[in-house]
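Below is one structure, written out as structure tokens, with a few remarks after it.
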């Protein structure tokens, strides 16, 4: 009845981990945005797994989580579009996409010292 | 009757899977862009066509069957157009060099 | 282990493989391509989880419009790749990896510990579906039970448009978004852009219409319509409208506006805000959805087109 | 029957992954443009088979959506996106 | 006031006056739609027409609330939870609604004179987003469902981000992107938590969840993730990388909204989460951890604020410190039963939130007038501004005094309530932090005023004269903040031991001297830009002693500033997010 819930639950957790790692370590803002999308899809999948476990009354997947995911996907898409528009404008304006605001680009290189 | 339909499905889907395999091998083995493009589009469209053919007997209604064929036609159209555009870009890239 | 489980493991592995590729690959353009593939395969997972409404949305967004958005940005930002020299060091990476794994493990553990008999609202939704006489439970949740969220989400989309427009240079305010596309009117692209949109519009309306009783809905249909519009724009057959146009703004607020109006009607004449009188529930919901599909198509198209760049004059 | 079709989906998925990796490794940008093509066809095939396997007839609608949007995405791939001012038309100068 | 204490049926039934809750959300949203369609040049008219309406609705809710029993409830679509969504207004919501309405009014009056009609782009964006922020905040204060709160949070973020980069400079665009990305990370973590909660209990309704929730590990994971996500959106140190550049870079009216109101949205959801959804879950250590971060925020924010060269950055950093102050209430509300209790500490925290909302908005508005007149806002260049803009400087001084805890201000009342709670709970260390917070606030207010009140070195030629209405709006807001202590809060917030009555006596005067004198001392020691009076004679004997102490303390404050710079790097801030999530998870698990 709840076919795949466990496997895809694990898959969702790993996707969240991947997205988090990418969001932290990728220096380019566009890569951060892509990583955010991976992270978001992991969260949505988790909703899907929760809904799949709640299959009942002849519906294969609890409709409430499904509806929440659809709302969430739309919001995430709008966020992506806004972030990309900001990034393109920044590039147009300054010729770079670095997010470091502190004076020189070198000043914001890694602190861990290697 | 059901057995005959299932046999047809198995045969057609197997053939389709084979073309997907052929396409992928072509992608991996062929040396330059144009030949790889050739491998991809031919094999993929034929592969999808055979899969669609295989699924037709399993379709629940006439409408689903038409939808399946429509899907195949749409991908054919896209494949034809896009591969032409890609090939043109590739050729221009070469002449530019 | 049954073949179904093996298949699920394969699917999950391939999806995560692409997720990993997207995170690790060096070139941004490749990462964007990887993400398109990832999004498409996630749609497969949604079908497998028996959530076809979401699968449609995921296919439309991650596989289609979202991919185009990311690819366009990647192509345009290509020159900036070398300037960003802020790669974190190994210690930072190690910390990030450890913590990400920790969070993922905690999540996996939490999913594992979810109760044996999962709580669900599905029976309640089926029991109350009479109120709208729509057979698609997801549409019922979106348009009736949780209508407030759906309405506010449309306002979020509108704010995203305002945010994108606000990035226009002052000289281009109110102008047309995006660059001017020119293509040979007798070329392949123009041919496709004449052939595909009629088909696409039919499919878009079908996906929307079927959403009352089967998987589908205004958002998914709107996404298809938006992509057809953009195809015509890319082929040079149409241009993006100037953002100061009154008709465009009317379309952009038609969905949330009608939603709000019907909701207030419920407050005034009926039992509650956003309550539909049982006799008119279906036509009212469909009416809102018709307005919404227009709004969504226009909004998604304009979000992809970007900030106004060309002044009207 | 279900087992056979499930295996077929798994096989096509593997082909998709292999093909895509080979494309993305490819030397030039034109190779990468093929990716959308491959994702589209193989993804649709997998989706149709999966819909039959899982008993979700509406999967056909997902495939239909994908067929349309994959076409659109392919064009955008070749155009390298919608919004490029400077790189616009790099891939798309049509024959006169 | 706690919904959990009310009769069960009341939570799922629309109460009389419930339609006011709908209106308070619908009216600003209608304004957004109308302003968008009417567009150029009419958006300001629409906004100015909507503002009095909104204020009246907020006032009506405030009046309606004490008359019924328990919260005012509205069931949307007549679908009771868990299937549908309910809006609920309790005392906390009413207080926040009213404060928001007042601040929005003042900012609108200020901005009506600020953005000239020729600047179509800026004016269009600002007015629509102002209304959008109002609608989003009202939804957050009234929403009875965790997912509705998520949508409202996103609404808030989408409205706030474009305000940051209204002027379109590269620097502010950068700040906006950092803000957006970090806020998105926060909302994803919040959403993760809601998924788990739905999977566990099958509802997202706050009241129902509050009844069903238990202390199982999966709920703890959800709580930790949601708390951390919201903290990232609230910019509690060390998750503050986005705040200073974003709040300092926006136009003055926008900064006032961002600093005064927007961060309170996510803060309010944390309060809902910890006090209403899962009061029994966090446990002693987690509350101490949260307040500990608050303490760090007070020190770091204040010290770095004193080292800023520009007025707006100083105010932005002071916001960091004040956000820290808001979190001191959590351990003080932690009762002997092992649950967070709706006590005097909660009332104190909420009062601090609204007095900061009014005072900080007034400060940013005053800074905006100063910037517009001088053409710059360097603190060293403020000399003589007291003569040109007396009202703005007075407003700045009054709001500063209110923030320091001058009676009868809201912050004074808040501090008294929190000190009372600290004494009751025998957690003297938080009393020390509370007093230190007041002293630090005193320091940067004194620093700014000392410069603003000196004579100009060279005569100033104002770029433009600030319209009087702008200055008056600022002053009104500052006075509001100073008068908050006179409001009868007992009707809305649960204050078991009563409000401290001594607001004007000798004792109150004495309490006021501590932050003022202590603040002067701290300003002398920690501010690199010396106080103007310092250069005069009369201090000669003390000079060598103080100079050496000053040198030492300056060196240590430089270290704090370097620490701040370190924490504000993207990877470090993200790692802090995940570390905090892990810490909260472990400490909550340990509590059970």
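Labels for the chains are A, B, C, D and E, by order of writing; each one numbers its residues from 1.
Please note the rule applied: a residue touches a chain if its C-beta (ideal position, glycine included) is under 8 Å from a C-beta of that chain, and two chains touch if they have at least 3 such contacts.
On a predicted model such as this, the values are computed, not experimentally measured, just so you know.
Each step here moves to a touching chain, and the least such steps from chain B to chain E number 2.
Pairs C-E and A-C differ in how many C-beta pairs touch across them, and the larger number is found at A-C. Chain centres were defined as the mean of their Cα atoms; on that basis the chain farthest from chain C turns out to be E. Using the mean of the Cα atoms as each chain's centre, the chain most removed from chain A is B.
Chain nearest the geometric middle of the protein is A, using mean C-alpha positions. Rounded to whole angstrom units, the spacing between the C-alpha centres of chain A and chain B is 32.
As a whole-number value, the distance joining the C-alpha centres of chain D and chain E reads 48 Å.
Separating the centre of chain A from that of chain E, both taken as means of CA atoms, is a distance of 28 Å.
Centre-to-centre, using mean CA coordinates, chain B is 11 Å away from chain D. Chain B has residues 74, 77-78, 81, 85 in contact with two or more other chains.
Among the residues of chain A, those touching two or more other chains are numbered 16, 20, 24-25, 33, 46, 49-50, 53-54, 60, 64, 68, 71, 75, 78-79, 82, 86-89, 98-100, 108, 110-111. Multi-chain contact residues of chain E, defined as those touching 2 or more other chains: 147, 151, 154, 158, 161, 165, 168, 192, 196, 198-199, 202, 570-572, 574-575, 578. By the touch rule above, chain C contacts chain E in their complex via residues 86, 88, 92, 95-96, 99-100, 102-103, 106-107, 109-111, 113-115, 118-121, 124-125, 128, 144-149, 152-153, 155-156, 158-160, 162-163, 165-170, 173-174, 244, 246, 249-250, 252-253, 256-257, 260, 263-264, 266-267, 271-276. On the side of chain C, the complex with chain B involves touching residues 188-189, 191-192, 195-196, 199.
Across the complex, chain A meets chain C through its residues 2-22, 24-28, 30-31, 33-35, 37-38, 41, 44-46, 48-64, 66-71, 73-75, 77-82, 84-89, 91, 95-100, 105-106, 108-114. The touching residues of chain C, when paired with chain D in their complex, are 3-4, 6-7, 10-11, 14, 17-18, 21, 25, 29-30, 33-34, 36-37, 40-41, 43-44, 47-48, 50, 52, 55-56, 59-60, 63-65, 67-69, 71-76, 78, 178-179, 181-184, 187-189, 192, 196, 199-200, 203, 207, 210, 214-216, 220, 223-224, 227-228, 230-231, 233-234, 304-306, 309.
Within the complex formed with chain C, the residues of chain E that make contact are 14, 19, 22, 26, 29-30, 32-33, 36-37, 39-40, 74-79, 82-85, 119-121, 124-125, 128-129, 132, 135, 139, 147-148, 151-152, 154-155, 158-159, 161-162, 165-166, 168, 192, 196, 198-203, 216-218, 221-222, 225, 570-572, 574-575, 578-579, 581-582, 585.
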